[in-house]
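Got some structures for you, see below.
Below, chain A partners chain B and then partners chain C, in two separate complexes.
What follows is the complex of A and B.
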């Protein structure tokens, strides 16, 4: 029986990292076999870079590679044309990168021999799609796999619940953030520390498809942990803090996922509770070119927390990044030592005064 | 308080008209972007932001040096980066130490346009502001018309340079004409002016090429290395379907009998790119099919480096080019684009088009003759 199941392929890139619980559960529940492309590796990257349009950003190029990896193994490809999602305040205005909308059609046009692409278009911003439209899409997709509407209904319910749980699992609340700042809890991997050393606090910010893909982010998280850094990612930041920071901006930041990035930078520049911010930028990413400039201009105005921006593309080598990261961490340690020394001197002076 | 705005090809006249109609006569009309403008803009811009950002920033810096204090700029809440140009440019210019104020105009929403214009006008009420906007959009129709005539007559004129002179005169007439009746009369007088004053070479059978792509690149001759003139000099009639009127021409929008060209081309583009994704992505695709149906010879597709929506259309255009047998030349433009490289590619493209046209003609003739042969054979039975 298992071999008769219809196979649906989901490329492990871009929005997959945001919505994978919803997508995989939905397709599995309606009786399809979900095949996710393998994790990004060197071969996949080489294929991707050679076939993708030259001007696309690195992440989009990788998407092409993931689709190629799936091409011959599946009956359907699931590439939603996603503009903006979520229900509630703010979503009626904000959109995401236009490439997400065009991606499915570009793939269909560049490679006519692809299996059939399931490409629902969803936008709460410009087309006022609501819950009804969402259900309609779910049912029209579901009817390709099963004739039982109740099965689809339970699938939708389960998918949404899983997605919600995923969000709750990732995003922390304000209390947890404060605990993390005081080094009471560890959010990600435990930093590799010698006894007595305090961990360095670093915020790593970037798009979710960069942070969650070790190949794209050149394994930066791992390297930092080995060097004794306790990090938080922009994905984990509490939404309410980000939304509050967004109100300080002069104009509405309408790129949905760029809000996270700028909001995190602005929050930490204001609260000054960490040692450094590390911004991972993908080369020729449109929203990042704006967001990165905003972040760097803001940090120049509030220079207490340094900001390091790393631009990543397909030619980025590991050796170069290693050197930069080591230098980055050495500098952090020195900065911290100097600060501690200064404080000690201050205290000593106070004692002398007594 | 001198007001300035970015240089935007022939639309510079439109912005000038709008501000003059609003009673703002203290204007600093921006200079045509030069090498220095691009250099200034690039020096202070983010690394891989699209080229229009750099050029407009450079223009603003030059205008601020000339004494401007108020900068007018479009802003929107759409898919493209353009809506976030002004907040970033503001930060950059502030860091450079200039004293200024931005007027962002949300051009996607007609009511927001009116509201902003009222605030910036010389104490006008809404009716007067609307009237000013109306004059602007009607005049915008004529600047589009002059552009079209210019790009047509320049290719077939017998004495080089006359069309440019006439076009310049025509633009100034549009700016200076007052009163709605007089303005409406321009619809007839402008084409007559071109017809009368320019001698054309009637023996020519020129190629026809449409230039599509991102609106700023298509309109700004300083950025696109003056593609229109280059093609005209090669003896090709050129047309640009892109227009600012899709945002400001409320008259066309309200009139049920008229349709903006954009609506037509977006509808044609539906099977290939169903939903709007910012910029002129859908229009570029739709126009390619539209001009093929009209019987034109080829398309030149221009877009700035790292433009998000145009990369989408650029990736889909090869398929359309193949399906509809319509040659498309896609060209990336940025501040480092060299004129010589452009010229060579355009010349090669046009050579190809001439050859294609001859081949098509031959094919038609052979088709006809084979048909005749068949009929003759059928008559004589053998």
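What follows is the complex of A and C.
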């Protein structure tokens, strides 16, 4: 029987950037055709901003655009409602942004003509969902596509393995971090350096769906690389370092994805191994309103590593951000050059003393 | 004028409201400067400024290096043939440090942006700029002065005559207007209202731009608004410290650009790309189009000097930076762009 494969659409936004290996593998393994929406672009943004609710954050608004780009091309839309960050130890009590949980319902009620939405609700924090619940969901989704339970089982296994590999690929370990801090390895693109210049070390922090979407992050990574900046993102940070920093907080930071952000800021303020921290904030992001404020307060207490916070929304033009980024790089470069000169003078004095 | 074979550097700072030009010598001393209004036509104002400078200094003055800064720095760089194009924050920080090397805080209020630069031990360590709103900048004062029908030059002097400033909301020009009208209708004298405006602007600046920054003396106040004595006094009152206004407060950005050009030429000696003093006689034309190569629909700007294509910018992918590609006007096909996934 040459029946066509069932098409499942996954919007390329928000949690897609964290969980895409798991999702795409699972659906492909159970015999579905996965269609991912195109990368964010201007037309998609314009559509998104015109139809999304006003109070949503920019990233959530873009999600609406991605759904619109998919709706006529798929049989199912996959919009999971993840109310918790992930599995495993330490994640039991943490929640993700409430907007992610409501997305599927909002979309269905605003656009009744959308294709059927697959929207499993998974919550380790509130409803104490565990592995059993997860498997149950997988089987119930899988049964829409195949009658063979073994196929579903292999699909789940493969999906989880791919997700784990993805995490291992992205997150570095403490040794690698130390090597990066000493400029022995490059984690991302190789910085474009003029002769004799040392790379500037910058940590770019933000949500994974901002860091991985060049349209949302207004191409900052690329600009920094061109100007000789060697960067690390908050997504790459070793998890145990972040969890260690979280213990210093007086109360539990229960927004799962905000932990990465605050943890990275706290780690680098303490270790002082980089030149500057760049925080990309999406306008009207609820968790970031807490995270950003905390980050700026911590940085004020330890002003050696300055923190630059850029707020991005749909109106963000490149002119203002370009000025800030250029000034930011100039400042770092001048500061570093003066520091190096002082070091050299110190060494020379020491030699003269001998 | 006799220039004794000395070296001179030109800096041009084109902002939203004013266009400033400065020529410095090798000792980084200001030889001549020009401050004129941009009036929404940056190219015209650069040419006008260059003409004024040429009349003052003469055709013979040799420019060794030229720098451009300000919000129109890219365009300016193209028009004068600058050797270096840098952002205004770096330029302002450099010029302030040249003026006084022990400076720790720089307050700069221009036409539509205001910034604070924190300097420690002769290095800029932090800065902030106003975000989307122009409240707390020169245009706020301009608008209010126009409403009250007083020339902006007299604003500060009149404000200083007041002893009891009235409180006016400085968050927004719209709120400020309703507050101001209310105070006028109650019978408050003009000078008290002007003084209130000065204070509200300073409060706004300190609560927005300078929020969370450690303001340590010596404090330098520059930019076009520094001409306003009312604002100077209000800053002194709110910071409870002396505020120092440099001699060339209005052209500090241009001085900074000239210093940058000097540093650049010292670092990498070469012949300047500066077009020379006949810039006012050249014709520059800009035109724009929307690229339809991908769904990003970038807005491309083209600039032509005497009919010849000089530069193009605005594309995300960099495709149009290659000047050999000729742009032809075609009807856009939107539908084609949104389909297809990758």
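Brief remarks follow.
Everything that follows uses one rule, which is that the second predicted complex is superposed on the first by the 343 of 354 C-alpha atoms of A that agree within 3 Å, B and C clash if a C-alpha of one lies under 4 Å from a C-alpha of the other, contacts with A are read in each partner's own complex, and residues count from 1 in each chain.
In this text, a contact is a pair of C-beta atoms (placed from the backbone, for glycine too) under 8 Å apart; a residue touches a chain by one contact, two chains touch by 3 or more.
What you see is a predicted model; the values in this text were computed from it and never measured.
With both complexes brought onto chain A, simultaneous placement of chain B and chain C is permitted, the two fitting side by side without a clash. Within the superposed three-chain model, A:197 lies out of touch with both chain B and chain C [touch as defined at top].
Put simply, more of the residues of chain A are touched by B, taking chain B and chain C as the two choices.
When the shared chain is aligned, no partner comes close enough to touch A:343: not chain B, not chain C. The superposition-derived angle at chain A (between chain B and chain C) is 90°, Cα centres, a multiple of 10. In the overlay built on the shared chain, the residue A:55 is in contact with chain B alone; chain C does not reach it. Legend: residue contacts after superposition of the two complexes on their common chain; A:300 is shown touching both chain B and chain C.
In the superposed model, A:311 lies in contact with both chain B and chain C. Of the two partner chains placed around the shared chain by superposition, chain B is the only one that A:109 touches, whereas chain C remains out of contact. Applying the stated contact rule after C-alpha superposition, one finds that A:41 touches chain C and leaves chain B untouched. When the two complexes are laid on top of each other via chain A, the two nearest Cα atoms from chain B and chain C are 7 angstrom apart. Shared interface residues of chain A, touching chain B in one complex and chain C in the other, are 300, 311.
Those residues of chain A that touch chain B in the complex are listed here as 53, 55-56, 81, 83, 93, 95, 97-99, 101-102, 105-106, 109-110, 112, 121, 123, 126-127, 249-255, 283-287, 289-290, 292-294, 297, 300, 311. Residues 71, 86-90, 93, 122-127, 129, 131-132, 212, 214, 294-298, 316, 334, 337-338, 340-342 of chain C are the ones that touch chain A when the two sit in their complex.
Those residues of chain A that touch chain C in the shared complex are 35-39, 41-44, 69-70, 73, 215, 219, 296, 300, 303, 306, 311, 315, 319-320, 322-324, 326-327, 330-331, 334-335, 338. Touching chain A in their complex are the following residues of chain B: 45-50, 75, 77-81, 83-84, 86-88, 90-92, 95, 104, 272-279, 281, 305-306, 308-309, 311-316, 318-319, 332.
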